[in-house]
């Protein structure tokens, strides 16, 4: 469903992404792992249109995304939980969720989706009138995920959703990712927490200094000794 | 580490000699009449504007706070100096330097009075509150007896006159040079470092033990002092003080000099202040089109060089000389040139 | 080392001919050419050619150019052609001083005809005193301009005179018992007249019921006018420049203020700044002037005609004064026999010149002895009322 | 008492014009954090367009007003497109943006000076209503018109921002344009729309201005813009009711100062109020105070 | 436990009705390394903010070496000896690495404004001294080679370490680290752990560590305080805490 081919991206003189190719099939969870600065975030941002590519190809269901501005891509059914959460700090929790449903117009259904998110994250319901900027780090992360789900995406891009979360919540988040995926949403997951990421994914890509250095079945990669050494801390 | 001292001393010496040579050359040109009084005055005006831009750069570039009331400090200095020289019985060659010091001090006092409350605010709000103070200074000056009211002050003794066309040059030149040196040195001292840290992240600066209130005020008052001195110079350059001219627009003019040159770059301030002073005079006959052209240039520079012409680049006289004489430019050795964000 | 390429040759000044839908180039165009020996006598000019008071500036500048043309046609000064170099000072004292500096120190003018309004004129006069430069202003009326400055002269009457005159006129001719004043607190011209008016009124039994100032540049006078209206004075003295007069008059009308309005020389030009639909705001108004277009003086009529022909505009009081000022300066230089400043200044002091505004002689403060004319507005036009002597 | 009422109404009339202009400042600032110093000059543009259409083209007033509103909206969008967007989208330092805005301001003033001359142009009477008598005192009809129009505009704008989808988009864009894009918001359009609305309001302000003070000059936007900007900050920049409140307070303060203190000190009082308010409430009267959480 | 350096006495704060921290009591001994853990939003960062003067407590107070710190501003807290890092990295981004560190030395420097502006001998002497000290500190973190790099260009992990180095440069007795390992991979986390151990030895300081990475916390902390909803729910050794059912239920999960 999502295809990236020979993608190259630069920040000025820094060539951050070299010829990256990857593919996400419908219904899959695909993980993208790699050290700090490997280019994971850059890859996601380029797919979503927040960052311009130097060359290459990105398609979603055959439509060329590179020529499209970000808002339009979102309209195609792609949602992105960005790195650093990027919640609307001055809006309340509830308003943040409403913003997530900007592309949807039916009020009642949107309300239902909000309830669904509250069901997943009861903490957010407790805080629904709090200004989002004063939430704790983990609460903000929940909000960011909840907000992305509000657009009822076909494919969800997540950038380090477990960062800064308590062990319990990390488990929960991964459970949620599993549930979301089970409900038919395709997931492209970027993670530092390689162990969890690989255990939940169908397939995975390993990124190093802007290049894909390994790819394959997630379980197999988990057994790979190099991976173990570099990313699993074993 | 002692090596760095020697290098520094050498570079200061080279700079000093170059600055003195430049002055000698200018002074000769003016006093010999090679350059007429009009150009002599223009040189002084350039120096005054350089001083102003450099002083504002301390707050806007180094401290990173937008200030829109700089002309107010200039006005305070202008009045302080002019009123002193007008009322004092001392010969002008004595009363003027004293007046300049008074101008700086008076302006610094205003800097404290305004800075203490204003610096509690940040960003645009600080800018606006300084704008407010600047305007109040002007309006009040417009209504006081001692300041000559709306008429302003006239009959301020000109330092450069028919008999001594180069009279203003030493003052304006050396004050500009001193302002430049002081800004450089300040930005590369522990105090400047603290101020730059505040610009970068106020919360982190506070958490690193920096008394942010104190250092913000320090930069602000230092800038006010220098602007006050420049105001004193300007009053005696022009011979009149019209309070209406020290308004918001004047503050913006100075700000443009700073931003156009490159915020935080003292070299940039110097260059753009000079160009923006000379150009309007050169284009006097095209007065209708010059502002239009100026605005277009301004917009284009900002669009294509958003950080100003020089960004944060600094030109080094001694470095250039070293390069010419084949010696390597001293590396930015710690302790000597620790100019953090510069 | 004068850079005459930068200086604007007469008639070549872009700004001065800008508003003038000039049917033809100003006539002195070819007179700019230096005389056979390649030398000219340079006379400087300063005027607001743009900005809030540009109407005054262009009038003076235009007229001076006509005078220069006439002078050059008649053989010039000291046998040389006159070159007039004028800079726009935008009505701004700082600009004026800078431009003055260029005129004197770079262009090397031997005398100055200017400035136009009082504030910049005052600033420049101080500089001229330091430089001992012969200077005459056509229209700067503030009293201080010539005070203590033996080298500075003017072709117009002075502010205290205008203020007193209008107060006296209000008392004697309009039968006013109460008066109010509305003035620009940021302008020495305005405050000067207001103070003189007030002092004279007090001495002569005209009660000042309100004296309201305003800050330069504001368009809003409703508050002051409301205060004034509350006092319902017989006359309202408004000694300010034409643009503000236009705004004030309309707001006064809209508030239903019915007092007679008085003004001074700054009122000349107000009709151009008030739309026909609002011109009824200007009724029962009286201001003082220094010439009347209805005069039958031949020279004056011929000047007015030439002016109109050249610039496509009616000449106003300041054009007339500008012409005279230039002529007075030229005559003085001729009389001095050289461009030595002291000689010119001495000659200026002895001026006895019969010009468009009558015969000009200077008193001990270098001010001309002038009579005043009262002008009013009727049916959208200026009307001569009478010659008035205090 | 009567005089007091009249003076207050005078102040509200003047304040209405400030308020309308302040709304534009506030909207633009709210969304791109830019003190749009060219905003004051849009009023000037609006005024000249009205004048041109009424006098030169001889169109009726209502057409001139609509024409001016459209023209200014377009001008606002164009200015944003040409002079600001590049900087906005490249995350340039905000001060560069401010300087660009000042550049645009200088450009507009000088352009109009070249076209129309630097001295004032008189404007014909627009609404020929006689003064309105309240008790023994008369109120200029313009005062009433100003107040009514400004209140209507504010209500409209308030609904637009708080109730419409576009309003939501505006709020999101103002907080984090990148995140807003991820929500499917076309931030470029949103910003352009904001400039259009702000400039259109300036055109309305221009009409009221011309009706009250029938004179136009190329530099008129300077002082007016500055005052309106102060009003916006006073009320809490970014807040719509705040801009209105700030405008009214400023107008009334000016009027009262002129009538009861000294007209020489109006600006000092105005800025004094600003300073006091900012010191007590650093984000203005109705501004939200969001502290950074560490 | 040795003598308490830092003591929190009945600390509490409310935000508009929300009790973010209530009745927080803790004593940190000399040279101790204490973990502070708890669910997201439990109030850990808030406790740091209270200990460093960013927030003024609505009740209770903080004591350092037995002296009350009530009413002190953050920079005064630093002077007294409490330094911290931030959950979201807060470096002086456009300054060089070494300048970042030097900023924190400021309070130990004495030369006057004039000394600096006029380049008096006092300036040279102290600047040289500080330069050496800053380099020494960077060496501890293996960052000496990066001294002249601009802070924002450092890799994430190095930025974290630089922040710690800067906090150390203030000469603090107590160091508060807020999630230093967040966003690091296991290898980087290991490296960081070693660095923390080293500095504790070298500088003889006490450390409080907020962290969600249990592998790190359990390994290096001597004592752990667990909070939930702003209140302490458990304290003890890593092993005790890890087996505490309350902690498992609220935080660790099965």
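Residue numbering begins at 1 within each chain, and the chains themselves are lettered A, B, C, D and E in the order written.
Methods note: a contact is a pair of C-beta atoms (placed from the backbone, for glycine too) under 8 Å apart; a residue touches a chain by one contact, two chains touch by 3 or more.
Keep in mind the model is a prediction, meaning the values are calculated, not measured.
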| item | value |
| --- | --- |
| Partner chains shared by chain D and chain E (touch criterion as defined above) | A, B |
| Given chain C and chain D, the chains that contact each of them | B |
| Reference chain B; chain at largest CA-centroid distance | A |
| For chain A paired with chain B, centre-to-centre distance based on mean C-alpha positions, whole Å | 50 |
| For chain B paired with chain C, centre-to-centre distance based on mean C-alpha positions, whole Å | 38 |
| Cα-centroid distance, chain A relative to chain C, in whole angstrom | 75 |
| Mean-CA-position distance for chain D and chain B (Å) | 33 |
| Multi-chain contact sites of chain B, meaning residues that touch two or more partners | 139, 142-143, 203, 288 |
| Of all residues in chain C, the ones touching two or more other chains | 18, 50, 185, 215 |
| Multi-partner residues of chain D (each touching 2 or more other chains) | 113, 262, 264, 267, 294 |
| Complex contact set, residues of chain D against chain C | 3, 6-7, 10-11, 13-14, 113, 117-120, 122-125, 128, 131, 137-138, 140-143, 209, 212-215, 217, 220, 223-224, 254-255, 258-259, 262-264, 266-267 |
| Chain D-touching residues of chain B, taken from the complex the two chains share | 60, 66, 117, 120-121, 124-125, 127-129, 131-133, 135-136, 139-140, 142-143, 203, 248-249, 252, 255-256, 259-260, 263, 288-289, 291-292, 294-296, 298-299, 302-303, 306-308 |
| Contact footprint of chain E on chain A as seen in their complex | 35-37, 123, 130, 134-139, 141-142, 160, 163-172, 192, 194, 230-233 |
| Touching residues on chain C, where the partner in the complex is chain B | 1, 6-8, 14-15, 18, 50, 87-88, 92-94, 97-99, 101-102, 104-106, 119, 122-123, 126-127, 130-132, 185-188, 191, 215-216 |
| Residues of chain B defined as touching chain E within the complex | 1, 4-5, 8, 12, 182, 185-186, 189-194, 196-197, 200-201, 203-212, 218, 222, 332, 334-335, 338, 340-341 |
